[in-house]
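Going by the order they are written in, the chains are A, B, C and D; count residues from 1 in each one.
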Amino acid sequence: MKVRVAVLGATGTVGQRFIQLLDGHPWFEVAAVVGSERSAGRTYGEAARWVLDTPMPAPVRAMTVLGDVARLDTPLVFSALPSKTAGSIESRLASEGHIVCSNASDHRMDADVPLLIPEVNPDHLELIEVQRRRRGWTGAIVTNPNCTATGPTMALRPLHDAFGVTKLLLVSMQALSGAGYPGVPSYDAVDNVVPYIGGEEPKVETEPQKMLGAVRDGAIEPAPFVISAHCNRVPVLEGHLICMSVSFARRPILDELTATLRGWRALPQELNLPSAPPQPIIVRDEPERPQTRRDRDAGRGMSTTVGRVRECPILDYKFVCLSHNTIRGAAGGSLLNAELMYAQGMFR
Amino acid sequence: MKVRVAVLGATGTVGQRFIQLLDGHPWFEVAAVVGSERSAGRTYGEAARWVLDTPMPAPVRAMTVLGDVARLDTPLVFSALPSKTAGSIESRLASEGHIVCSNASDHRMDADVPLLIPEVNPDHLELIEVQRRRRGWTGAIVTNPNCTATGPTMALRPLHDAFGVTKLLLVSMQALSGAGYPGVPSYDAVDNVVPYIGGEEPKVETEPQKMLGAVRDGAIEPAPFVISAHCNRVPVLEGHLICMSVSFARRPILDELTATLRGWRALPQELNLPSAPPQPIIVRDEPERPQTRRDRDAGRGMSTTVGRVRECPILDYKFVCLSHNTIRGAAGGSLLNAELMYAQGMFR
Amino acid sequence: MKVRVAVLGATGTVGQRFIQLLDGHPWFEVAAVVGSERSAGRTYGEAARWVLDTPMPAPVRAMTVLGDVARLDTPLVFSALPSKTAGSIESRLASEGHIVCSNASDHRMDADVPLLIPEVNPDHLELIEVQRRRRGWTGAIVTNPNCTATGPTMALRPLHDAFGVTKLLLVSMQALSGAGYPGVPSYDAVDNVVPYIGGEEPKVETEPQKMLGAVRDGAIEPAPFVISAHCNRVPVLEGHLICMSVSFARRPILDELTATLRGWRALPQELNLPSAPPQPIIVRDEPERPQTRRDRDAGRGMSTTVGRVRECPILDYKFVCLSHNTIRGAAGGSLLNAELMYAQGMFR
Amino acid sequence: MKVRVAVLGATGTVGQRFIQLLDGHPWFEVAAVVGSERSAGRTYGEAARWVLDTPMPAPVRAMTVLGDVARLDTPLVFSALPSKTAGSIESRLASEGHIVCSNASDHRMDADVPLLIPEVNPDHLELIEVQRRRRGWTGAIVTNPNCTATGPTMALRPLHDAFGVTKLLLVSMQALSGAGYPGVPSYDAVDNVVPYIGGEEPKVETEPQKMLGAVRDGAIEPAPFVISAHCNRVPVLEGHLICMSVSFARRPILDELTATLRGWRALPQELNLPSAPPQPIIVRDEPERPQTRRDRDAGRGMSTTVGRVRECPILDYKFVCLSHNTIRGAAGGSLLNAELMYAQGMFR
């Protein structure tokens, strides 16, 4: 018997990724799809303008899209709702006993809501008790970070543990899919770089510190380092490539740094979660890798690929980091969060 | 009577830009085109696979391509030769009395060769006397910088004068045309970012200090700041967009910084050189500008556009800087160098 | 004294092209810009999200956008309104005495409305008398054809006159700009071809016959040939490239056909209209031309470029035809229509 | 025990596709990789600049590249050699007893060489006897068609059987990968269409008639219809999209035509060959499908997708046809040929 799940915002691009990644999942099965009022009552096949490159899964195609969450009875809910809309709906569902794994930004920085990457901070799930106690909920909300914060945070986890990160300057080259659908007009995208993404830099400059922070007395003490982010949109379909310069409390030698990244394994790998990549961080030695198109699907889109590790004349080291923004950085990240909670018996 | 000029490497992409920019030039006219042995003896129209978006200028189309520089008699020579090849040919021509304005990297870091951006360091032309004395030449070599170093160096000139640059961390998103023709295979370019450009970062990390250095006793004392560069190839045709974080000896307030950039005028503007843009640095206030495609042609490809000026949590300020890589960063830069020398009576 | 003109739909992409092309026009000057209710009352600089690659013309930037046409007093009005909206507004303006040059499709196939390309069917302006008589108007509506119909119709004019076109099969590869702004989502455009453009094929299969038809007794007798069109969207910014196979009543030899295209000059060239290209049809001999990016700007975007003329094993001849879709195929076409009417004294 | 195979031209793009598709193949295993003299003696991992988006298969990475075919002992050889080079090498191998499945064009139109698509003309394998008798070979050469001819020929097979094709006019929009690597320079590809591919149209206008021809007395009588092809290069990575207009001896009604395409199954499906797609032709009903990026991988790149079936005002019907050019149109096609021969006991 698989766990029945609902997908909110199911017709959007992140919603579609949830549907795609849940197709044939060993533990979960899609039991409800929730969309806008306009979609309500139509089949998913009619309501969704399917934009992914694999076919729409047949079982979902025939499902009727629900227009609200009034009668949701699935223990697990994935939220691909747009920010602003997401907050209150997710709260309501958590209060009604649902486990809500959300890709929306609304609750990410709430003091009692885990901002979770299972390899990075599985212990932050402790916050759920605080969350329930404080809010009187029987369910819970767990969020995954902004797509651009995800890869760097994964790369920093083992480095922070070993050497203590003090500064991070990053410049992103982000994919078009990150803006959703219809998202970036093609007339803005082709033969162009747009050096601005509304609201992105503040998220990237604060979410990693929460994730790399420690839980103390039911609260998170953010990791005390500083981030400066420049975010850019470049004409690629999927995959956020990020140039990073980092300083450490204890500066390692270069081989120590790469060995630390390469050797890192974490809880999802130990637990062998269905969506966990065998290797959370892949380090490439070829000078011209990772490349966005050729490496974004590493670990079925769940690995972070690092390359060009070298000294930085200003901070300590610099390197390149690539992460799939709509898989690991959105639906896949949220799904792995749910898998971790399920494996730990937090719902059934 | 216009000054007769020769173009070396005339059939390549930078060579084509020279031909294009010299078409209808008020002071100079193309009198000789030099190519590879394979091209020698054919007309330029036959030998050049013209790749630019404007038509090949009619007068050059019919010229016979020369296979070597043996009998060049033009006072002025523009060199679009590939590095390695360029060095000895340019030296020979200078020794024979030609003024050589070169886009090649071979002589850029020679102690007695000006690495020139007319707005930035026109006083470096003093080195020519040293060069002639030391080498016994009657001509001279003057070089322009690497395309990726050009825009940032222009932006730094007024800032360095006013506030003293101490650190520069930059991440480039460079155009495909920078690799010449055939250059980057399309199968590597479409839907991809390649985070590596062979040999680029060392140039970008050293050329600006030479240009912003001071001439003392016939030698250049490089400006004493540190640069860290990450260079990336993105799928755009023309225009290098660069994210910069900068620190200063005396940290200005933000308005001071933008006013300094905006108000800057330099010698080429005073002299009203034919290729000088009215405004060397354009500062945009809209959050999403400059954009590669929409701003690369500012000042007919000769202006540098700066935008998104804001505080950097790690260095002092960060901003975006855009420069046309094959106009200001190559042929147009070299042409402006020649115009400056001509205006100052250094040849006729 | 220039003729004062208004632009309807001024903030959209075709509206922006009108503003761009009218900047510095020798006969016309923009006196009013009309937009949606949302834009009304704001300056054009605030209301328009300017998407073109040249700067917004300064005089228009400061104009206040009008929300309706209630008090328009310009003799000439350019309409870049969306279809459906355009029809009644244009009729109203014509009834009030304005000359309306429209890019919208609503009135194109009206029996008494000229569907005009000045090189192709300037005599169709005779219909204006019919139009005025029938409708009781003091002004008039003149339309320009669909962007995809434009290039082929120009190429067919001299061929039809000389050899009698009987069949035309065409396959278009159309630019992203043809869909307006925001238009095609980049997630649909990059690394993709979409073989469908809603409503396009019926227009392309009927408009050319009207334009190549003869005026008889105040009505147009359409040219009696058949067209089959396949319309595709490809990832290019501007320029519709079209593969055409054509049959003739009298099959010419190949040289006759190319000479006919090449030698053709028409009324706008004779009258030396400001926007008329010196050569309406450019024939290229190189096998790989025309290319979309390299040839779309020929004749400042007003020429049609033809290449690869060769025999077709099924119809008589096949060739490639390129036309700039937002210049000749939209705003520039409409502007040339107005220039023809002005040159013929139809308004002042 | 799997059949040992060699790949010729193994380091090129089609060679890489062979390596990729043979990874984990149930019947065949790569035993030898042959490259240019320059690659000889190096490991495949060193010699090949791997350009595909999946990782290089580990077992092949360590193989030593052979510089010639002198000591090849594999019963089966896949040839990804460039045309001109391929001919004599393939003949030599066939004379020495190898089964050569070739993607090269050299032998395609030889009277006694099957030009094979297993779904289309499996009976053409009869020619092998003729080939052996005539040439005194113990091995054999079997070729697959040009990538652009492949999809249309698959679509025509059931139509030709049912209604008799008489005319085919097609316009292709071909992927960049079709030109190999480095292939098309990115400076020619981005924001551009090139309406010419050297040597392509003659192949597309003759190969389908051979494949749809009948074997009579040991020779092929080509199908007696006429093809006119316009071939274009568009900026997509993989997948040739083709607009087709077709006439028939007996004109079907539209539903008959689509039912014929949809219902078609052929020998590879019956035999359940490992690379055979469940459905050779997929017919899409949505007006905007197939799309290059979203449908090229249908049937793991081995299905042909047809859409927009409708009447043609000039020929009988028109539709769109999409086929993956480096899978079904090259390495995958050749592999399926080998699978068919193996299943029929032609080698072991």
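By our rule, a residue touches a chain if its C-beta (ideal position, glycine included) is under 8 Å from a C-beta of that chain, and two chains touch if they have at least 3 such contacts.
Only a predicted model underlies this, so the values are computations on that prediction, with no experimental measurement involved.
Enquirer: So if I look at the partners of chain C and the partners of chain D, which chains show up in both lists?
Expert: Neighbours common to chain C and chain D are A, B.
Enquirer: Of the pairs B-C and A-B, which shows more C-beta pairs in contact?
Expert: Spelling it out, more C-beta pairs touch across A-B than across the other pair.
Enquirer: Return the distance between the CA-based centres of chain A and chain C, expressed in whole Å.
Expert: Result: the chain centres lie 47 Å from each other.
Enquirer: Please work out the Cα centroid separation of chain A and chain B, and write it as a whole number of Å.
Expert: 42
Enquirer: Check each residue of chain B and list the ones that touch at least two other chains.
Expert: Only 51, 188, 190-191, 235-237, 293-294 qualify.
Enquirer: Quick check: in the complex, which residue numbers of chain B touch chain A?
Expert: Those in contact with chain A are residues 167-169, 171, 173, 188, 191-196, 198, 205, 226-228, 230, 232, 234-237, 241, 243, 245, 287-288, 290-294, 307-308, 312-315, 318, 320.
Enquirer: In their complex, what parts of chain C are in touch with chain A?
Expert: Touch list, chain C to chain A: 13, 51, 176-177, 181-191, 235-237.
Enquirer: What residues on chain A touch chain D, complex-wise?
Expert: Chain A reaches chain D through residues 51-54, 190-191, 293-294, 297.
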